[in-house]
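Order as written gives the chain letters A, B and C; numbering starts at 1 within each chain.
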Amino acid sequence: MRKFWVAALVTLAPLYAENIVIQNATIMTVTKGTLQGSVVIKDGKIAEVGEKVMMPQNATIIDAAGQYVIPSIIDCHSHIAVDGNINEGSVAVSSMVNIKDVINPEDIAIYRALAGGVTTANILHGSANPIGGQTIVLKMRWGKDAQGMIFEGAVPGIKFALGENPKRPGNPPFSRGIRPTVPARYPATRMGVEDTIREALNEAKAYKAEWDEYAAKVARGEHPIPPRKDLKLEPLKEVLEGKRYVHAHCYREDEILMLLRVADDYGFKIRTLQHVLEGYKVAAEIAASGTGASTFSDWYAFKIEANDAIPYNAAIMQKKGVLVSLNSDDAELMRHLNTEAAKAMKYGGVSETDALAMVTINPARQLGIDNRVGSIEVGKDADLAIYDKDPLSDYAKVEKVLIDGRVYFDRESDLSGRPAKALEKQKLIDKEKQSRPRPSGGRRPIG
Amino acid sequence: MRLPGILMVCALAAGAATNNSVLIRGADVYPVTSAPVKGVSILVLDGKIAEIGAKIALPKGVRLVDARGLRVYPGMIDSATQLGLSEIPAIRETVDTGDLGEFMPQLRALSSVNPDSEHFPVVRIAGITSVITLPAGGEGGGRFGAPRQYISGQAALIHTYGWTWEDMAISGSAAVYVQFPTLGARGGRGPLPESIAELAGGTGATFTQMLRTYQQEVAKLAEFFDEARRYQKAKAANAPGLVRDLKYEAMLPVLDGKLPLAVAAATPRLIHDAIQFADKQHVKIVIMQPRELGSAAAELKAKNVPVVLGMVLALPHQQDDPYDQAFTLPDEAYKAGVKFAFGTFDNEFVRNLPYQAATAVAFGLPQDEALKAVTINPAQIWGVGDQLGSLEKGKSADLMVTTGDPLEIQTQVKHVLIRGQEIELTSKQTRLYERYLNRQ
Amino acid sequence: MRKLVAALLLPWAWAIAENPRTLAIRNAKIVTVSGPVVNKGTVVVRNGLIEAVGENAPIPAGAWTIDGEGMTIYPGLIDSLSTVGIPSLAPAAGRGGRGQAAASPTPATTPATAVAPAAPPAKGPEDRPATTSWVLAADEIDPSDRRIESVRSAGFTTAVTFPARGIFGGQGSIIDLVSAERAGEMVVVPAVGQYLAVSRGGTAFGGFGAGFPNALMGYIAYIRQVYLDAEHYKLVKEAYARDPRGMERPEYDRALEGVLESKRILLPANRLVEMDRMLRFAAELKQPVILYGMREAYRAEAAPLLKKYGSPVLVSLHWSEPPRDPDPEAERTMRSLEDVDQGPAAPSLLQKAGVPFALYSDGLDQPRDLQRAVKKAIDAGLARQDAIRALTLSPAEIYGVADRMGSIAVGKIANLVVTKGDLFYDHTQIEMIFVDGKQYKPAAEQPADGGRGANEEPGVSQ
C-alpha cells in the first residue's frame, strides 16, 4: 500500500510546480544591482534572491557556476507566431482584426526566440495601415496551445502606423500592361495618414457617445435596444478610454510629433512609439508626453525615412528622459537582443544596467507588465535566462531559459536530443521511400 | 635593423611632411599572422608599415599617436558588400547592382562606386578599411521579372576611403561574379513556410522539370565559356577580321587563371556542381554565401576552393533544422580545413562584420580563426595577401587602434588608418548625434 | 389524391419499367449498419422506401425480384461534404485542395492570381464581401451535373451538397443522387447548415486589390461582425414586431436572415492549431459547428480536444501523399512526413475516443480512389464496419437525418449499394446502386490518372 502512495507521489510530482534553485551564478537583477548568488523559485515565482539563500525542500538544483542569470528578454515588437498575413491591408483602418484570433503556437520561431533568451513578445499587426489590428502579448511557452501562450492580464494593444508603409497602398505600382492596376487605397501621403487617424478617432468618439448614452439609459432603469456593436470602433473606443495601448510604428520626427498632438487632441496617450528612428530629434517632446519608445539598435538607410537613423538613437532618447526599449521586428534579430543591448553601450555610452534594462524592465514597463516580469525581484514571475558568459558580450550564448519557473529551453537537452530526432525522421523518410519505387538514381552529368 | 629605418626616415624627411606617416606608440599589437606583441610601436611611412618594434624613434615630421593601453589590429575586410553601388535599397534610383542581361562579365563595379556614399564613413568608423563591392543584386541577384542572369560583372576590392574610385581601388577587378544556376535552393531567405507554399500551390514545376532546366542553364553557362575560349584562341592567333568583343575580353583573365570566379552557390549539391564546372573550365573559383557545406566541405578542401560565408546571424533554412545551424557553419568550415572569409552581403550590416565573427566564436570557432577570417584570409582569397590583411613590414598601413578585442561589441575604435592616412571618425550619423544631443 | 397521382403516373409506367416501384433483392448478405449483419436475406423496397429487411422478409406479389446470391447489400454511402449537383463548383482540374469541397470557391476556372471581381472590392464588413448566406444548395441543384453519375457509381447514393463559395456560401442540402428531371426530386433536406470558409483561394499575398478581408484574421473578424450584426438585427426585428409604433424600421438584410436561419455552421480545420481556433471561435459565436478537413486529427492532442467540445467532425479521405517527383535532396518537414505516415490513422483514433465523425470524399470521385482511401484508414486501424458506418449512419446522425437514411431499416429511404465482395476490398465490384428505390448501374470506370496531368515518370505507380 505504501509503495502505491510513493509511486503515486513520484508520478504526480511533476504536476506540481517544482522548486528550483539556480545557484553560484552572477545574477544581474537589473533593478537591484548585480550579485553573486542564487535565485530560489517556488510555484513559478521568484521566492528569494541573495548571496546565501534558504534551500527549499525537494528543490531541483541548477548549478550555474561561472554563468550569468538575467531577467529573460522582452521583445516589444514582433510578428512571430501568427497564422496568415500579418497585415489586413485591404482597408486603411483594420482595427476590427485581432492577432489573438490567429496565434500559431507551433511556429518554430517561438522556440528559436527562446533559444535567444526571449520569453515575452509583443506580437503586433503589420504596418500597412494607419490604424491596424489589435495586438497581444505572448509568453514563449513552447508546447502549450494558443490560449496557453497568452500573457494573462496584459493590457490589450492596437497598432498604428505612420510614414511610408501605410501610404504604400495609396501609391500602387504602374500597370505593366499585363495585370490591371491595383486600385489605390487612401491615404497616399502623410497628410492623408493623419486624416485617416483623425477620422477614425472621430467616428470612435461618436460611437462611444452612443454607448455612453445607452449605459446611462440602462442605469436609469430603461430597456433600450443597445447600439450595434462595431468591431472596428470598439477597440478605438477603448483607446479613447485609456483601456487599450497604442503602439505606433513611426520614423520621421514630423510624424512622431503629429501623432503625439493628435493623441492630445483626443485625450489619450500613445503608449509606445515603435521604430521611432528619428526619435532622437524630438526626444524632449516624447519625454514630455510620457510616451515610451521602442527602437532598433543600429538599422539604417534601408528606406528613405530611415535615412537619418543613427545608432545613438536609444542613448539620446534615454538621456532626455524617454523610457526606451530595443526591439527586433524580426525573427532572427530577436535571437540576440542581448547584443543589441550591448550596442547601446557602444553607441552613446549607456551603462551596462541601463542597456540591459532596454531589453528587460523597460519593455516590461512599456507593456504594463512590469509587476510580473522584467527584473529579478522577489514576487515576480520566474522568467529567467542563463548565459554562459556576460550576456552583454557577443561571445555569450544562452544555456537555459525558464518561464514561470519551468525550464522551456535547455541547450544541452537540445543538443543531446538531435540524434534521436534525426533518427526518427530518417525512419519515416525510409519508410516513405520503401512504399514508392525509386526513380532512376545516380548523379546526372552536368554541362 | 635600425640603420635602414633611419636612412628611410632621413630620405623622407628630405621631402615634404606627409600625412600618411605616423608613429603609433605603446600599444599591444596583433599582427594576426604572428603572435601578439605587447607594448610596442608601429611606424607607418608613406602609407606602408615600416616597422613594428619596442623602441622606435619618432622621425621628424611624423605625427605621434599615443596608443598606450590600446590595441592595434589590421583593418578589417568585408568580402561581400555593395558599398558605393547602393545607397537606399528601397529606392531603385540609388541602386546600381544587378543590371539586366544574361552574360555581363564586362560590367565594372569599380567605376560606378560613389566615393561619397554615406555608408563609407559609417563602416570606416567601425574599422573596416577595405571591402569587396559586388555587381550583383540583392538576394537572388537578378532583377524581379528579368531573365535569369548568369554573370553579373566584375567585383572590385576597394579601400573604404579615397577621393575617387581610382583612389580607392586596390583590385579594380578582383573576381567575376557568377550566379550559378540554382536547383532546389530558393534564392534569398530560404524555403517558403509550408502554409504559404501550400497556398501558392507549390512551385508548379516537378523536380524532373526543374532538373532539366537546371542542366540546360549549366550547359548555357558552359557554352558561353566555350565562346570566350574560341575568342581567346582567335585573338592569340591574331585571327584576321576579329572584332573586339568586350564580354569575351572580360573573360580572358578568367580563362588565363588570373582572375577567379566568385560563384554564388547555396547548397552542397550546387557547390559540388560549381567546383566541377570550374574544374572542367580550368578556372579559379571562390564560393560565395553557401548556406550549408555538408558533403561539399571535403571537396572544397581537396580542391583548395575558398569560401565567403554570409551572415552568421541567420535563421536555419528548414523548419526542423537545429536553431544554431548558421552559427556553427564557420566552425564546420574550419574543421574541414576550408579557407573562409566573412562577408555581410548587405551594406547596412557591414559595420557589424566583427560581431558576425564573434557569434561564430561563441558557437565553436577558435577566436584567432575568426579574426583571420576578417583580415588575412580575405586578403589572400582576393589575391592581395602580400599587401593587406596583417600587420607586417611592407604591407599597406590599413589598421585600427581599439580599446580592446574588436570582435566585442563594446570595444571602441579610436583610430583608423587607411594607407597610412588617419581617417576622421565622423559620419552623418555622428554629426546628427552631436547636433541633437545638444538640442536645447 | 394519391389515386390521382397514380393515374397520372400510369402512362409513364412503361418508361419506368426498368425501375419497378416494388422490388426485392434476395439471397444476399445484408449489412444493415444499424443492426446485426444478416448473412442471407432479403430487402424489400416499395415506393422508394425500405418495406422489409431480414432473413425471411416476405416478398410481395408482383415484386421485381433480384437474385442477390453472392452479393452484399449495404446502405448507400453518404458523402458528408460535397459540391456534387452544382456544376459550377466542380474542381477546375483533377483534384481539389484538401479540406475544401471544391478546388477553389471562385466560380469557373479563373486562375487564382488574376481574379477580376465582378463587384468593386469590399471596403469593410458593411459591404458583406463574398457573402451569399441566404443561398440554399437545393435551389442551385442542376440534375445534369455529370458528377452525379460518377459519384453514384462509386457507391454514393446521397451527397450533402454545399454552395461552397466565398466566406458565407449559403446552406448545404442533402440530396439523393437520382437522375431526375427536376432538382426538387433530389432534395431530401433543403437546409442543413451554413458553409463558412476563411480564405478565398489564391495567393496568401493576395494584395489589396481583392478588397476586405485579405488576411486570415480579417476573415475571422468579418465573420464575427456578421454574427454580432445578426444578433442585433434579431433584437431590433423582434422589438419592431412587438410594437412598430414610433420606431424606425430595421433595414431588411438577407445576408443576416440567411445566417439566422442556419442551425449550424461548417468551418475548415486541418491543423491542430486550426481545430483549436475554430472550436473556440464557434463557441464564441454560439453556433453548433462541424469541422471539416481534419488532416492532423491523428495527433494525440486532437481527440481529447474534440471530445471536450463534443462537436462532430468530417474527415477528408484525401490523405496526405508524399510529393510526386520530389527533389531527392529536398528536406521534408517532420510534420509533413507524419501527415503522410499517420494521417489515415485519424479515423480509428477518433473512433476509439468516441468522437462523432464521418468521412467525406473531398474531391475524390473515382471508385478506385475512394476504395483505396478508405482501405488506407482500415489498414491503419479503423474496423471495416466502422469505416462503413463513417460513410453511412454517422453522417446521417451528424446531419440529423438518421431517422430516414444511413442504414438498412424498415421505413428508411431505399438507398442501397450492392456489391460482389465486401466493400472496400481491392477486387470488390459494385453491381448496382439504388437511390430512392431506383436502380442504377455503375458507369464504366475512368482510366487511372485520366485528366490529372502527365506523370513525368512512367512506371512510377501512385
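One rule holds for everything that comes next: contacts are C-beta pairs under 8 Å (C-beta built on N, C-alpha and C of every residue); 3 or more make two chains touch, one makes a residue touch a chain.
For clarity, every value in this text was computed on a predicted model and none was experimentally measured.
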{"item": "Chain whose Cα mean lies nearest the overall Cα mean", "value": "A"}
{"item": "Pair of chains joined by more contacts [C-beta pairs], A-C or B-C", "value": "A-C"}
{"item": "Distance between chain centroids, defined by C-alpha means - chain A, chain B (Å)", "value": "35"}
{"item": "Euclidean distance of C-alpha centroids - chain B vs chain C, Å", "value": "61"}
{"item": "Between chain C and chain A, distance of the C-alpha-averaged centres to the nearest whole Å", "value": "42"}
{"item": "Multi-chain contact residues (two or more partners), chain A", "value": "83, 421, 425"}
{"item": "Set of chain C residues in contact with two or more other chains", "value": "204, 325, 328, 334, 457"}
{"item": "Per-residue overlap in chain B, given as positions that touch at least 2 other chains", "value": "195, 319-320"}
{"item": "Complex contact set, residues of chain B against chain A", "value": "87-91, 118-119, 122, 195, 211, 215-216, 218-223, 273, 276-277, 313-316, 319-320, 322-324, 347-348, 351-352, 355, 358-359, 361-363, 407-412, 428-430, 432-433, 436-437, 439"}
{"item": "Chain B contact footprint on chain A (complex, rising order)", "value": "83, 108, 111-112, 115, 280-281, 283-284, 298-304, 307-312, 316, 319, 331-333, 335-336, 339, 342-343, 345-346, 348, 389, 392-397, 414, 418, 421, 425, 444, 446-447"}
{"item": "Chain A partner contacts - residues on chain C that touch it in the complex", "value": "114, 116, 121-125, 204-205, 207-218, 220-222, 224-225, 228-229, 232, 235-236, 239, 271-274, 276-277, 280-281, 301, 322, 325, 328, 332, 334, 337-338, 340-341, 457, 459-461"}
{"item": "Of all residues in chain C, those that touch chain B in their complex", "value": "112, 199, 202-204, 323-331, 333-336, 456-457"}
{"item": "List of chain A residues in touch with chain C within their complex", "value": "83-91, 94, 96-99, 101-102, 104-106, 133, 145-147, 169, 172, 179-180, 182-183, 185, 225-226, 228-232, 421, 424-425, 428-429, 431-432, 436-437, 439, 441"}
